[in-house]
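Chain nomenclature is as follows: A, B and C, assigned in order of appearance, with residue numbering initiated at 1 for each chain independently.
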């Protein structure tokens, strides 16, 4: 069996009567990049804070390494947290910030200096030692925050939306950077985000959270291709969802007296399901009759994105469908009536 | 694990214990040097003093005395002091408000330097301030000297010193510098674009002031009232130095009962009236403005 | 057209009023300092020439010097103790939620809600008739600590409300114990607030005459001493020298706070 660095068993956290984290369990393998993904307020920060020891679980057990850490104070835990608001110490400069955790370890001065320099190299900001925290740009603040959290060489690094406040371009650069840092230091990362793009790009494994519960845990591909529920499907990969009732390899649609051919699935007959189809699996055109499923549609909006075109169409039965197509020198115009379709293999069924 | 570590662990575990431990010094001070003494004050107001001995007679004679002694002089003094306090409050706020307004809306650079400069005279103790004002409005003060020098008056103007007017004047001048700050704080809070918006909608300057600036700065006015009104109720230093016999206030009566007359029970009864009125005013003002506003103004 | 002229006058009038206000509130203090060098046994006009007599009298008078020393001892002790008490209380009041919190907040604010005279006399009768303690500098300190406690607590609470707690959590997370976190993170960051609190408590004590008047025994503080002299208007110009001295102390304190304000704003 592989070594687990983090294990949560039936952890619940209540604030008064409000349940912020509801009976969640998961484990993270050594050296893995694990993401907690979910919308704002679903309890991601609370979960991380319990791991860091800043919040006590109301119920359940937390292990870091093999050790039960319920009674271990935050400053004795082998993990470090990157705070959602970074929380750099404003009265210290960059090197003092990074060195803080090392001083607490009572390392000799020369060793601390050496490590600070190394860490600044790792986060790509060499020579920033004497900068004051006020003199850093947004992206630099995030990087120094990461360096500070990495300084003690924690067994587990907990990151709370470290890329949240950055603009798109910087965010994309930092994603690559973070993944690189993780490879260099080989630490286990528990990464919190509400951005599916970040989670998909970097993670080995993702736990999708909603209202304090974990809805699905799995590899990135699993969550992308086989979302267990409609929520996961919408959140990850922006699947199109069409709701209906499953019966013998078909789903009879709610709004439309037609059905989608899905082939046999492990779903009981007459169950309500959501048919998920990824935007990039749908074909669009005037003549696509050879597909398993073909419907009439009207183009409502067209977004040209260079290599790709994104069509928002209204399918018969009033379903709004998003379609991604490679640009091959042809664009359909808004208001055009045409057909859309997909094969039964491209369909996945989720719980509604 | 060392003992101190163990104790730390214990404290960390029991939130109640640590709350209690941190609050107890301050609460001890409040209970022991304020609440208990106030309780004793209340008790003594029902007693009697013969010579230097306190006798527990437990009756209301001191309270009756407040109303009847010397033909009701004390209760008249009480009312007069309230009126004087109100006048001082209105006067000092009126003097300070334009200054706060000027600093907040007209000065751009070094606002805080000017503010600290404005507060300066308040940092000097009242006794010295009164002495200073004697140098201005006293018999041998600046005004009388200049008046005589210029031949405007032949002898010192006696109406300027040793009466209630001098007391009110000095109190107003003494409080005004301190009141700039709370009013400045609430004026600063006003979104300047509101005024621009009002001007844009065609409001004339006066109207703009009455409809927007004044109402929005009212928390500052209330905090200022709180700062002046309560200490002025109990004022005895200024009247003793600048009021002569016609300028005495209620505070002087209390002072005298404890220092020169040795009439503690009667003095206690007098104080209780003062206590009640200040508590009522303070509670109302704090209810309206809230502790946060008070905090900002310090 | 007329409107603009009026507005111009209004603007100028404002400025004029502002500077007049400053001039008027400083006038008595300036006169006091100047006339402490006046060669006349009467306090006041006219100017009869320069002398250092009154300052010499003051600086050679053991009572007066003792009084100055007393004032500084009392003010320093009162400032430190009330700031310490206020700091502990402010921490709890800002950071914890517990039953009776409002009641406790209100009771710490109580000394501010009464005129000083009530505070002074109630402590006086308690100390004299119940505890039978003789009045001394110590009793003045008791009164001053009590009286400055609400101001100090409010100032520190305001600072703590604005304090970002995740900084402390970050320190715990990086291996600092509670004590180390307090010393390395919390204390340095609230230090400006503590200085303001000390400054206010020190000034309250140094300038107070109301409470000290009731609680002073044989040893007085400067304001009580000056008050005693003035009650008789005994015409001692030495009092003016002491007052001028106090004004100068105020000026120094003011300059210190101006400099520290410059640094902050």
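One rule holds for everything that comes next: contacts are C-beta pairs under 8 Å (C-beta built on N, C-alpha and C of every residue); 3 or more make two chains touch, one makes a residue touch a chain.
Since this is a predicted model, take the numbers as computed values, not measurements.
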Q: Could you pull out the chain whose C-alpha mean position is farthest off from that of chain C?
A: A
Q) More C-beta pairs touching across which pair, A-C or B-C? A) B-C
**Q.** Separation of mean Cα positions, chain B and chain A [Å, integer]
**A.** 60
**Q.** Chain centre separation in whole Å, for chain C relative to chain A (CA means)
**A.** 57
Q | Where chain B and chain C are represented by their mean Cα positions, the distance between them in whole Å | A | 14
Q.
Among all residues of chain A, which ones touch two or more of the remaining chains?
A. 73
Q. Considering chain B alone, which of its residues make contact with at least two other chains?
A. 12
Q. So which bits of chain C are touching at least two other chains?
A. 177
Q | Contact footprint of chain C on chain A as seen in their complex | A | 52-54, 73-77, 80-81, 83, 85, 87, 89-91, 100-101, 104-105, 148-149, 151-152
(Q) Taking the touch rule as given, give the residues of chain C at its contact with chain A in the complex, in rising order. (A) 164, 166-167, 169-177, 180, 184-185, 188-189
Q.
Per the contact definition, I'd like the list of chain C residues that touch chain B in the complex.
A. 7, 10-11, 14-15, 17-18, 21-22, 24-29, 31-32, 35, 42-46, 84-86, 88-89, 91-92, 96, 98, 104-105, 107-119, 121-126, 129-130, 142-143, 145-146, 149, 151, 153-155, 157-158, 161, 177-179, 200, 203, 206-210, 213-214, 222-223, 226-227, 230-231, 239-240, 243, 246-247, 250-251, 253-254, 257-258, 261-262, 264-265
**Q.** Complex contact set, residues of chain B against chain C
**A.** 8, 12, 15-16, 19, 22-23, 25-27, 29-30, 33-38, 40-41, 44, 54, 95, 98-99, 101-103, 106, 111-113, 116-118, 120-121, 123-136, 138-142, 144-145, 173, 176-177, 205, 230-237, 240-241, 251, 254-255, 258-259, 264, 267-268, 271, 274-275, 278-279, 282-283, 286, 291, 294-296, 298
